[in-house]
Amino acid sequence: MKQANTQAPSGNSEAQSPAGFFPLDRFNAFSDGVLAIVITLLVLELPVPPADAPVLPLFSENWVDFLGYFISFAFVGGIWLSHASLTKGMKRGDTVTLRLNLALLLFVALLPYSTHLMVLHMTGQDARAAVAIYGLNLFMAGLLLTVLLSHVARDRRLVVDDLADDRISSAFRQRRMYLAVNAVAVIVGLLAPLVAVGAYVLLSVAFIIQPLIGIWRKH
Amino acid sequence: MKQANTQAPSGNSEAQSPAGFFPLDRFNAFSDGVLAIVITLLVLELPVPPADAPVLPLFSENWVDFLGYFISFAFVGGIWLSHASLTKGMKRGDTVTLRLNLALLLFVALLPYSTHLMVLHMTGQDARAAVAIYGLNLFMAGLLLTVLLSHVARDRRLVVDDLADDRISSAFRQRRMYLAVNAVAVIVGLLAPLVAVGAYVLLSVAFIIQPLIGIWRKH
Amino acid sequence: MKQANTQAPSGNSEAQSPAGFFPLDRFNAFSDGVLAIVITLLVLELPVPPADAPVLPLFSENWVDFLGYFISFAFVGGIWLSHASLTKGMKRGDTVTLRLNLALLLFVALLPYSTHLMVLHMTGQDARAAVAIYGLNLFMAGLLLTVLLSHVARDRRLVVDDLADDRISSAFRQRRMYLAVNAVAVIVGLLAPLVAVGAYVLLSVAFIIQPLIGIWRKH
Amino acid sequence: MKQANTQAPSGNSEAQSPAGFFPLDRFNAFSDGVLAIVITLLVLELPVPPADAPVLPLFSENWVDFLGYFISFAFVGGIWLSHASLTKGMKRGDTVTLRLNLALLLFVALLPYSTHLMVLHMTGQDARAAVAIYGLNLFMAGLLLTVLLSHVARDRRLVVDDLADDRISSAFRQRRMYLAVNAVAVIVGLLAPLVAVGAYVLLSVAFIIQPLIGIWRKH
């Protein structure tokens, strides 16, 4: 026998989200939307060779653009993965959660811009500034993700009931390590920009391509 | 006692959304989509210095563009937060809700345009018109959010069963205050455009950066 | 006592969506995504007066652009509303549903293009072709929505169990009327393009602004 | 017997998604977002005839652009359909699933770029390279979809409990056939690019238009 249940579909109920708290559905949908758009906008920066030019020098002449696409795709993807890991341990948000998340997305949404800046100046005379700004953008996004985690972890009303403490500590450890690597990359970018870019490439390869190698080996 | 319900995943049932009413899932998803795209499109207006120009004058020369990005990100984020607060108290929508929401989104989707207009003319001779149009755009979005709230609050079939009356009154009070501030900003924009922009910056900082300071202090 | 329920969160179960059928969550999310992007891309066509030009002739010189924005926003919004009405009566989709939906979205995604075409040529010598192509685009989207409705209504496994037959008939009647109006508009567009545009404006005003007037009166 | 569950709306619970696993909601939302944006960005490549030029040569002069729009819309739509079929059989993902999915989306998000490349060079002297790169892009997306299927199918903790083995085998068979056709198209593209494009058109027509013919006949 089916009982009428007028509230389940919308997932809204004062009991589930008391005053000042928000269900996660729109928090997730909005964040997924912004992250999906940011990651897809990156392709707009790739230059198409004009109709009367040969096609193949594409990769040799524009390798920096493809590199930028690859790196930023990997980092935005990584931010999405961290964000999804964070909300997996949450059962609701409060107003501060939502506003901190907007501050995070403000820096994430800047990434197509700073990618374009880095790519355009990477082989020029002002590469240091461009690569450092890119690194700073990544660092700020990473920092705000940490602040968000910190805010959520401190309030038991926001996290799922059965979340183990060691999972929170492990998340903090990962985030601190990521931020440290990021801070070093900003400094390296100021001294030797191409080394910093090389580090971004290695991290991106590790993130995107390494699981593929794992799959390959199992066969 | 609740019984297994094979239709719950799709959230669709005549019992749950009688004729003329709509479940909130698509209402929310569409609104989140539009708001996420609008907030992310803002970055497309930021100018990248050409390859042969130095990078660092970026912020001194293009500070208005970054200011516009910041303000509009904060205001669209604020509209999203108000919209999420509104639907948190709803259990379904009707056709009028959906059409009023489209009217709201029509003005929200104009914000990247009016931001660009304001930024381009803010330091020029026609700054008054540009800043006032931006303020009017914000005001119209705020007004339609209020109209939407007003429509929903009047119909008990749309709001969740346990929504307290004083939460509705408090929402109306907030919205009226926001509209009054907005109306004043439009008039100030016509007289002293940079003062209006300064007010937008203050409001944006309060919205985005203030929760960060709160977090900082708790440490 | 809470029972483990490993399948509910993903909403996936063979029992709920037998082979060849699909739950509606991704169908809706993808459609909402495309419709939200299409409706938001329209703003990219609006021309911003250059920094050294006055701002205010904006509306007198570019009124066709704003008109196009308004009309297409209203029509895409209307398509979204019809689509949401359709899926409200569905409990799942099959492969044909999903492919018909892609054909529908193919024409919906063309609307920013045909809007731009109409707006650019509306006051020129080739207005007839431009306005008729716009009308044809609207007609094709409307036709595919009708085909989709027709496919779904014929298969009892796709619609919710308690959907009344007269709601289906009423939906068909509405869709046929809409298609007839659309077909007439295409022909009128070929003979007197501005009359067709006028009709689009009237329909858009009725759709977006009329509920606002209703709200106003109730106060 | 299922008891009331206050956490269901957010779909988050350690019991439902143990450490290292992820609920599918954000996986689906992010993928739907990227795919919806990619499919909608395709329209930005279509050229609008300038205001003083006649409208109608549009289709005769720019037929390659419309062809590219149609083909890529169909293929991205097909990737979406395959992706939705895959997640229909899943109950959760793990970190590798999410990272493989990002690798898949990296190639999907490149499709507007390679479509533009193909369309611009299809009638030029370097058509072979352009068409082969397009085919390679499709092949890589198809390959990663197969890798993703292969990863998920191997881990019983990821698939829904009642998924029949023959449905998995049938999915693998379909994917292998698709990849084989794709590989042949890349080689044909290198030898006779227009033949490869012709094959893409046929496949797209079969995918998008054939269900329409099926509907027509039933009437």
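Letters A, B, C and D mark the chains as written, and numbering starts fresh at 1 in each.
The rule is short, and it goes like this: a contact is a pair of C-beta atoms (placed from the backbone, for glycine too) under 8 Å apart; a residue touches a chain by one contact, two chains touch by 3 or more.
A quick note: this is a predicted structure, and the numbers were derived from the prediction, not measured.
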**Message:** I want to confirm something about subunit C and subunit D. Since they are copies of the same sequence, is their interface symmetric in residue numbering (over half shared, so same) or not (under half, so different)?
**Reply:** different
**Message:** Only C-alpha atoms count here: how many degrees separate subunit B from subunit C in terms of the superposing rotation, rounded to the nearest 5?
**Reply:** 90
**Prompt:** Where centres are the averaged C-alpha coordinates, which chain has the largest centre distance to subunit A?
**Reply:** C
**Message:** What's the distance between the Cα centroids of subunit A and subunit D, rounded to whole Å?
**Reply:** 23
**Prompt:** So which stretches of subunit C touch two or more other chains?
**Reply:** 8, 12-13, 15, 23, 25, 29, 33, 36-37
**Asked** Considering the complex alone, what residue numbers of subunit A touch subunit B?
**Response** 1-10, 12-15, 17, 19, 22-23, 25-27, 29-30, 33-34, 36-38, 41, 95-96, 98-100, 102-103, 105-106, 109-110, 112-113, 116-117, 120-121, 124-126, 129-130, 133, 147, 150-151, 154
**Asked** Which subunit D residues qualify as touching subunit C in the complex?
**Response** 1-3, 5, 8, 11-13, 15-17, 23-25, 28-29, 32-33, 35-37, 39-40, 42-44, 46, 48-52, 54-56, 58, 69-70, 73-74, 77, 80-81, 84-85, 87-92, 160-164, 167, 207-209, 211-212, 214-215, 218
